Each structure stands twice: as structure tokens, then as C-alpha cells.
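What follows are several structures.
Here come two complexes built around chain A, the first alongside chain B, the second alongside chain C.
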Partner chain A sequence: MVPDQNEFFMDPNRCIGCQACVQACSECETHKGYSMIHLDYVDRAHSVQTTPVVCLHCDSPTCAEVCPADAIKKTADGVVQTALKPRCIACNNCVLACPFGVPKMKTEFKLMMKCDMCYDRTSEGLKPMCATVCPSQALFFGTRQEIELLRPRSVATNQFRFGEQTITTKVNMMLPKFGKAEYVDVTAAMSERSSGKTISLNILDGMYDEEQSQ
Partner chain B sequence: MIRSEREELTIPPDGRSLDEQPKWRQDFPIDWAEAHYVSRRDFTKFMVLTSLAFTAGQFWIIVRNFLRKRRGEARIQPIATTDQLPIGGSLAFIYPESHDTCLLVRTAEKTFVAYSQKCTHLSCAVVPQPDKSRFYCPCHEGSFDLATGATIAGPPQRPLPRIRLEVRGDLIYATGVEVKTI
Partner chain C sequence: MAQAPENTSEFRQAFGPHAVYASGVRLETGIEPDKLIKTHCCFCGQQCGIQLKIKDNEVIGFEPWEEFPFNRGMLCPKGVKRYLQGSHPDRLLHAYQRDPTSESGFRELAYNQAIALVASEIQRIQSTHGNDAFGVLTGASLTTEKAYLIGKFARMCLKTANIDYNGRLCMVSAGAANKKAFGIDRAANPWSDILKSEVVWISGANIAECAPITTNYVWQAREYGAKIIVVDPRITPIARTCDLFLPVKPGRDIALFNGIVHLMIENNWLDHDFITKHTVGFEAVVEHVHEWNPNKTAEVTGISERAIRQAAEWWGQAKSSFLLHARGIEHHSHGVQNCLGAINMVLASGRIGRESCGYATITGQANGQGGREHGQKCDQLPGMRDISNPEHRAYIAGVWGITPEELPQAGVDAYEMFRLIERGEIRGLLSICFNPKVSLPDNSFVARCLEKLEFYVAIDFFLNETAEHADIVLPGSLQEEDEGVVTQIEGRVIKINKAVEPPGDAKQDWRVIQDIAKALEREKGFTFSGPREIFDELRIASKGGIADYSGITYEKIEKQYGVFWPCPSEDHPGTPRLFEAESSNPIAKGSGPFYFTDGKARFNVAPYTPPAEDTDAEYPLMLTTGRVVSQFLSGTQTRRIGPLVDQYPEPLIEIHPQLAQKLGIANGDLTTVESRRGDITLPAMVVTTIRPDTVFVPYHWPGRKSINQLTISAQDPISKIPEYKVCAVRVRKTTGNGS
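Right, the complex of A and B next:
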């Protein structure tokens, strides 16, 4: 059981793309040398900015909702676990359904494996592997008081909206305190032809406004 | 604070509580605690039905024994002549029904033994090895004693069914089957 006061905070602004988390994650024996975390490039054509992607442990996990084999379960502390090996049929539904791209299909094991917030560590009161190695603390695991003290200009949010779907998660994302919320219209993007340009998320806009007003 | 074990954590997409959800969603909850929870009623139902099945099984065994007794002794059937087998030789024959293969082994000048060929573990065909004084089952390395049919090694628990033999003149007859459980 992961203690309630310990929460995961993700701060994509602070990610320096060093891949230390990926390396640390893949060293864990509980998922056989595969990394359950990956870095996303925000706008690869124009920037080296990356964001780490851990499982956000949704209140209504889409991966579990679409699982035809009833293999994905959530423990009492809200952590969505890797698919149960005897049940998983390796159908890839969860991989396609997750809006964050978290579940990883390992066809050699015929099993979906995903970030479980290092359940073996966090349930014993330790920090997840990625949060212990992150040099810029883009991945932070601790209490809410600690993060508020460390990041006075950021605010934690755990609500994401993809088109019509609003997702509330266990993991928090640190955002600029005075920034305005951006919503991605996923369904519109699906019918859009690729133009070779990527959509840029102007997530830092609000922060600049805040600096100028001071 | 640690949450209680059975608190509903997962919020269904329509936002209503679990009791208002369709039956399939109640039957396959996402929450671990909810999925592993067994109600007293379900547990009792399982226990009652299982014990009922066991009771019915006992009656079935009684009926089977009764029917077997009524069928009576197996018929007497000539198998081979005494000079047909050398010492240490073996012969497969069918007795008492058409799908029951058995093995006749000549262990000494005047000693013949016969057993069912079906291993008592999973009905593989056993192989006679008179030089090692045993029947060997290649499926799971089971062994039976050649002289008594008793188990020596491997997974089988019951001895091989013995075929009663009778030598009249120079003909060997099978006169019955002795099924032993130990």
C-alpha cells in the first residue's frame, strides 16, 4: 500500500532529456530490463524539449475500461497495475486506448507491462526509481507540502481533457500558476492531414506574462 | 491515512456509483479489492454446491460398484500356448474387453504373469523390462514390479490390474481381472 501523503509530481518544464529515468527504470528486475517510462518530444522539429511520461493512474483508467480480458486492476491505493499475466491476451487494446501512451506491449511475454509507480518500492515507503535519479527533479515523489515549498510559482493539477474526455489522475502535473489551461482537441487532430509541422503547446505563455507583470 | 480495503476508487466513465452500473461492470470491477471480494452469500453457495457434488459423487461410486458386481466375472479366454513364449519374453493380448490391452510375461520356466498394459497414472502403455524385473512407463518414468504389479517409482499410486492366469495342459487362459487400489 502506497502511503496517501506521498504523491507523484511531474514537471515537464524541468525535463532536460537526460534519459536517466529511462535508464534507471530499465535496470529494475521486476519488469525484466525494459523501461516503463519514456520521454516524449514536445516539438521535435524546433526544440529539444522533452517530457517524461509515467503512468498517471487515472481515476477511470481507460486501459482497464477497454481490457476485454479483465486483466488490468487497480489496487486500493489507486495504482493501476501491470496486466495480470494469467489473464492478459496481448490484444493491444490498452496500448491503443491510453491517451498518454503508457502501456507497453511485450509480445515476447504476451503481456502488457506498464508503469506501476514502482509498486515494490513505493509500497515500502521508498521513492520510485525515476524520481530518485532525476537530476532536475522533473519527476518528484513526496508530500504536497514539500512540492509547494520547492515550486512556489507552479501549481499541481491532475485534470486532463482530451476532446470530450476529462481525465482525473493520481499523478500530478506541475503547471505555471497563472497560465491558462490548454485543451487538445484529439478528435480534430485525428482527421487532420499531417502538414509536417507539429502542434506546439504554448504552455509557457502564461509564465512570461506573470514575469512581466512583476 | 490509508484507505479502507473495499472503498470504490475507480470512477466509471458515466460518473455514477457502482451500484447503478450495468451488471457486467459490477461483475468485472477494475478495483483490485472489489474484484477479489467474495460475499458471504457467494461463499455459502459455493460450499453448498460443492458438497452436493461430492455427495452425488459418492452415490455414483456406489451405483458403479453395484453395476460392476452384477456384470459378474470376466469370461475365460485362451491367450497363448506355453511354448509360444521364451523365458523373459512378453506377449500383448486383449482382455476382457476389446479396448483393454494386457501383457503376458514369462518370468521363469513355469511362471507366467499378466497385467493390464495401462499405467494407473495416466493410462500410457507400459513397457515390460524383465531384465530389470519391472514394467516401465515412459510417459512419466513410472515403474511397476514385475512379480506383483506394485508401484516402485514415479507418479502412479495404484498397482497395475493383475490378470488371473490358469495353465491347462499347454494352453494359458486368462480367467479374471484383479483390480487393486493399493
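Right, the complex of A and C next:
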């Protein structure tokens, strides 16, 4: 069992894109040689911002709900596991359905594999590999008291809204304490958008403009 | 003539580089390791604690070492995959002799035969051309024991003045400036002092990629309310979430520091009490920075006046602060002046020598600190002693059992050694832990010089690009095959522990050095039975010096998770924080906390000069170079570790879209950058995170992918560090096939 007080917190604001988590994930006993973490640039042309995604371990996992073979199981302590090999039919339903894009289809094994929060480690009271090594602690594993003390500017949430669906997860996401939750509408990303915020870092552009305007 | 062999498939097959992935036992699950060895990462100056998993004399993986206080289990991707350098197909298992008739360019040789050949060539060259005609090039990734031994070997056994090391490309500007200002060259504070400081100022340090674990210290400070100021021509990952980003034009850092001190004076953001009591030379600085008003500072640095004023206000009014810098301000033909400018900001604030009030350069290599203290630098003797100081010479000569007259005088810096090779003054070379053909600037010159050598012997574990020129290659040891101490980023002396035995004929480097001494029939002083004995002599050699290790023991290091030097006696706990008001040191003898006879720190006037090669109509852009997180230095190790190669397979040219558009370059286009020394063709990476007047290329690759074909060999007149961080180039979209 993963001890109750130990929780996972993701804080993408801190991510430096170093891939220590990706590299360490492939050292995990349950899926050696394969990394289950997703780490991507948000928009490298304009920012070095990267974001790591581990499985959030939903209370009602969409991946398991859509699985026609009932291959995806959750442990009693709430960790959603890689599909059971004898059951998985490699149909990709889970890959398509997961709102966070977590499951990976390993076609060479005809098996869906995913982050299991290093169950071999966490069930023995250790931290997951990724959160242990993460140099910026964008991935943090510890108690709620610890994170509150270490991150006074942020607040943890484990509720995510996708359209009309609200998902509650075991893994927490750190958000700025003083901003309010923003619900991004799909139209914000459409080419003919009339509203919605663009988030980009154009300090250097600004610097250059200022120089030219002088 | 030491010419590199043809790049045949046989040569590549034998020596690589092959990118290796986990396989066999390293991929199996449920393997119970024979032992877990608590040691440290082999790469950067942070020296993160790590546990290596050993099975049948092979490193099969790692386990985080969460008790080690600096990194608490944290590792960057290099640390995670470092275990893959062991049992590597490219590993040198034998001695080799260059053989143009062999398909691979080399033939295997019995180790003893190779040693005998090395000794006879050393004797031949030295008896014909003098002792100084044989040079030694070393490195700051060696343990302190090895660094000490090889310094002693050059001076006492080879009797040559010409020894220098690759810290010349790394720590020397900061080291020289620290000695001028503080009288001692070490990070002034432990990293824990970063956590509660009000302002963290980071100049020219790509912390997230080059010292990744330090990121957590900086961002933890931010969580507690610190303002983070980052000065860099690029928005690096640490800059992305800083509170104020100052996009400095490469090579203009002094102007910024002078401009900040100007505003501190104008607004009376000064610690007058500290300046009076603990420093000398402030008046001259006041006079000098008078002209550096915000308008002029903005004009020279390319940073907006508003941003400069904001930075000065935060820095000036802070109650506590930590200033960090790295190669970004140090790799310049005025690198020492840059560091002195930064130190002036610290001294004027009075925020040093107290909790949460700190200053440090971020060392680059594993033993960047310890490797520069104990005598492999051309002008230095153990204990940070000065080779031109008669008292220092007498003391070390006494430890070594020779007369001071027998000790050679100072030699020349690593780059100058190549100029001596070109002029025929150095005819023979021994290198270890240094890959100058990749890492020195204007490296086509370096390759030509290597070809001129009459005899070249390289000690290494992989055949690096420089060693390809060697007449004899001796198989040395990987970090995990030996024990010894290194001194990390904070000045903490820590212990590398042996995890496995060297394979084949490979030997620990100290054995190889001693075997050469024996073959030369100059064995006296080179009969150590192991690193512990070498360390015990080093403790004596450092005693009474500034870098005093005499109270440090292997046992104490283990017990305390490292010992901060100076540690002058066995009952002394070590010195995590320098310059505390009531502290004493062997130079000041109680008169004050700084390492001068009056105990006071020195302000130094730091005049601004432009880069050695400024832009012009022909070469209108600036090139700056640096690192990526997944590779390390010249890549000898990291280009052989598959998962790290995949993370950033080849260098890219970072270029701003405004410049790219003007030149008709799209993201991914092959792009050619030319300087007066060479050209390179690589894919462009079009990003808004770099100044539009600057392009960036990382430097970890050899041959036609080496950006050091283009960089300039201009050096700082004091530290002799090369100006890697700025030279003039032109950029165009590549036409044809790019070759």
C-alpha cells in the first residue's frame, strides 16, 4: 500500500525540461527500459516552457471505463495500473479517451502501458523515481504539510473540468494561489478566435522594439 | 608526427563513439545487486550524491541517495544515465600504439611495453630539447589526489614547467578575481544560504541546464519571496520564471555591474559601515562608475534603462542576497574584470559573510574547485600556494624532499602550450582528462599543433578526439574504478568511492603515472600504495596554505557528508561560510575576515572594454556558445550514452525569428555560420528566446559539428581564459548540400 500521507504533486511552473524524470522513469522495475512520462515543450518557438505529465490516477479512470476488455485495474489505494497483459486487446480506446493523454500503446507488446506511480517503490514507502530525481522538484512526492510549507505561493488542486465532465484525481496539480481557476474554451485556440488569452513570452521582442523605437 | 588515423569503419568499430543503451542484466527486473556504493556523479561541479548498483563487478544501475544533503536524491538526466559509461564497448582495455598499417589506426601493445616506450620518448625529448620540451595537460574532473600527484609528477619527476589543465577553460577568471578581491578562491557560502535571501542575482549562468539541482535552491528562495534577477542573452529555463530578465548583449557585463554600482551610490543603497570597516578601494570605484549612468549603461549593454533601474532598486534595497555567476561572464577576454565588477556590487551592499548573504561562482567540472587548488595549474603549488613565492616553494620542496631550486618556475597556460608546440618549443606531450581538440577555441589550430608533436601519450578510458593523435594510448580509469576526494561547487570536500575494478589492462590513473616514474628510474616520491596515502601527503602539503585540507580525513568526510575547507586541524569541523565577521584566517591573523594581511576585502576598478572581436559590416552578428543539459563538456562520455544522445542528438543554431526572417531562414533549415576562423552548417532552431543580434550553438561535438572551429582564441590577460562567449560571425541560409 502507498502510505496515505504520501501524495504526488505536479508543478509545471517549475519544469526546466531537463528530462531527468523521463530518463529515470525508464529505470523503474515495473517497466525497465521504457519511459511512461510525457514531457513536451508547450511552444518552443516562443518559450522554453515544458510540462511533465505523469498519470493523475483518476478516482473514476476514463481509461478503465472505456476499456472493452476490462484490462485496466485500480489498486485499493487508488493507483491505476498498466493494462493486464492477458486481457489487453491493444484497441487503443484508453489512449484516445484519457483526457490527460497518459496511456502509451506499446505495439511491440500489443499492450497499453502507463505510469503506475512507481508502485514497486511507493507501495514500500519510497518516492517514485521521477519525483526523487527531479532537479527543480516540478514533480514532488511527499506530505501535504510539506508541500504547503515549501510552496506558500501555490495551492494544490485535484479537480479538472473537461467540458461538462469534472475529474477528480489522486495526483495534485499546483496552481498559483492568488489567481483564479481559468476554464479554457476550445474556441480560444481556433484561428478565427475573437477572444481568449494568448500566453507567450516576448521579452526579447519587446527589447528589440524598444531599441528600434529609440 | 602525431596525425590522427583515417576515419575508417574499422577505426569507428574499435573506438566509437557508440551510443549505448541498457541491455542484458541492466534491463532485467528483480536483480538483487551485490552492493550499493554511496558515491557521487562523475559529471558536473555539483557532485550529486548517488548510489551505484553493482552486480558482478559491473555498474548495472543506480538508486537515489536521499540522505546526501546537497541534492537529497535529485539528479539530472546525466546523473541518471551515468551508469551506462561502464562496461562500454568503446572502453580502452589495452595500451595502444599508433600504427598506420593497421585498419583501425592503432595496434594493441602490452602495458609494460607501452610504459617503457613512453619513458624512453620522454627521456629522448628531454635530453635533446630540455626538460620544458615535454608538456603535461590535465583536467579538473580528476580527483584531488590525482591532480596533486600529477602536479608533483610534472615538477619533480619530469622537472618541466609546462603543466596546465582544462580548468583554464573554466574556473580561472572567477578564481583570479576572487583572489584579487577576497584573497581566497572558493564559493563564499554553502547553497543553503540561497534559500532565504531576498534577491538572487544570476549573471551568465544557465543554471537549469548546467547546474540543474541548483534550480531547486533558486526556486525555493522564490517561493519564500525572493526576487530572481537573471542576466543572459538567452531566456534559459531559469530565466523563464525569473522576476526580472536582463537580456545583456554578449561581452557587456562589466558595463551593467558598473551601472548598478552607479545607481547604488546615487541612491545611497550602500552599507557604509561594512565598506569602511571591511574594505579598501571604494573611492576609486566611486570615481570610475560615475560615468556609468543608466543611459550609458543601457546603450552599451543593450538592456532597457527601465530594467536596469529596477534591478538596481531590488539589489540596492535588499536586506539579504546571493549573487551567482558562471562561464557566461567568465569566458571573456575581460573575464576577470567581469567578475570583479560583480564582486563590487556585492561588497558595496555589504551582504557577504552572513547567513543568507552570499556570493559564488558556479564551478563547471566535477573537481572544478579541488582541481584548481593543489598544483596542476601552471603557476600554482598545493594548498593554493604560489609557485613564484619563495616561502611557498620552500615549503612544498620540503614536503617533497627536494631543494626549492629543483622546483621549476611557472609554466604557461594550456592554450599557450599549443603555441609553444607550434614554435617547436614543446615536442612531447602527455595528456589526461582533457580533450582540447574539441574544447579549445579555434580548434583547427589545435589539430595542426597536435600533428607537429614528436611524441604524444594520452591516458584515457575512451579514445577522445585529441587522443586519436596519440602515439601511445594508456588505458586509465573511470571515476567509479578508483577512490579519492573532490571539492564540489560549495567548497565541500567529498569522497568518491570505488565501485568496480578497472577492466582488462586498464589501471587507476595514479598507478599509470607512478609506472611512468618508475620506468624513468625516478621513483622517489611516487611509491604511494593508494589514494589514501596520496591524500595524507596532500594534507601535509596543503597545511598552512589557504586551501588547508590538513584536518580533513576520509572518515570525517563520510561522517559529516563532506567537509568544507579550510579545515586546519582534525578537531576543526570545516568552514561552510567564509568571511564571517569574527572569523580568522592564516593571512589576516585575526585582523579581519578577508584573506589579506589587513583582513579587508578589495574593491577593484573594473573598466569596460568591448570583446576582442567586435561586430562589423563583414561579420555583423555575435556568436555565443554553451551547454545543453544532456551533454557534458567535450562529450567524451555523454556522446557514448544512448539515451543522452537521443535527448539532443546534434547541435542546433538558435536564432531569433526577426533575424531568421531577414535571412530567409525557417525553423529546421540548414544554416551556415562563419567566423574569420571557420564555418559550421547546422539546422536552425528559430526561437524568440535569444537576442536578435546573437546566435547560440552548444559546443559538445567534434569535427565539422564543433562550434569551436569558429570561436576566437583571444584570452583574458590575467586568467588566460578564452573568449568563448562572444565573437563576430555572419549567418546565411545554406545553399546546395551544405558541405
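By our rule, the second predicted complex is superposed on the first by the 180 of 214 C-alpha atoms of A that agree within 3 Å, B and C clash if a C-alpha of one lies under 4 Å from a C-alpha of the other, contacts with A are read in each partner's own complex, and residues count from 1 in each chain.
Heads up, the rule we're going with is that contacts are C-beta pairs under 8 Å (C-beta built on N, C-alpha and C of every residue); 3 or more make two chains touch, one makes a residue touch a chain.
Everything numeric in this text was worked out from a predicted model, so none of it was measured.
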{"item": "First (chain B), second (chain C), both or neither touched by A:64", "value": "first"}
{"item": "First, second, both or neither for A:127, with chain B first and chain C second", "value": "second"}
{"item": "Partner chain in contact with A:96 - chain B first, chain C second, else both or neither", "value": "neither"}
{"item": "Chain B versus chain C as contact partner of A:137, first or second or both or neither", "value": "second"}
{"item": "Which superposed partner A:77 touches (first chain B, second chain C, both, neither)", "value": "first"}
{"item": "Partner with the higher number of touched chain A residues, chain C or chain B", "value": "C"}
{"item": "Overlap of chain C and chain B interfaces on chain A (superposed complexes)", "value": "none"}
{"item": "Partner chain A, residues of chain B touching it in the complex", "value": "1-7, 9-13, 28, 30-33, 35"}
{"item": "Interfacial residue positions of chain A with respect to chain C in the complex", "value": "13-14, 16-20, 22-24, 26-27, 29-30, 32-33, 44-50, 127, 129, 132-137, 150-154, 200-205, 207-208, 210-211"}
{"item": "Complex contacts: residues of chain A adjacent to chain B", "value": "1, 3-4, 59-61, 64-65, 70, 72-78, 81, 168"}
{"item": "Residues of chain C touching chain A in the complex", "value": "21-22, 27-30, 61-62, 64, 66, 73-77, 79-81, 208-209, 212-213, 215-216, 219-220, 223-224, 235-238, 240-241, 245, 247, 302-304, 629-630, 643-644, 647, 656-658, 667, 685-692"}
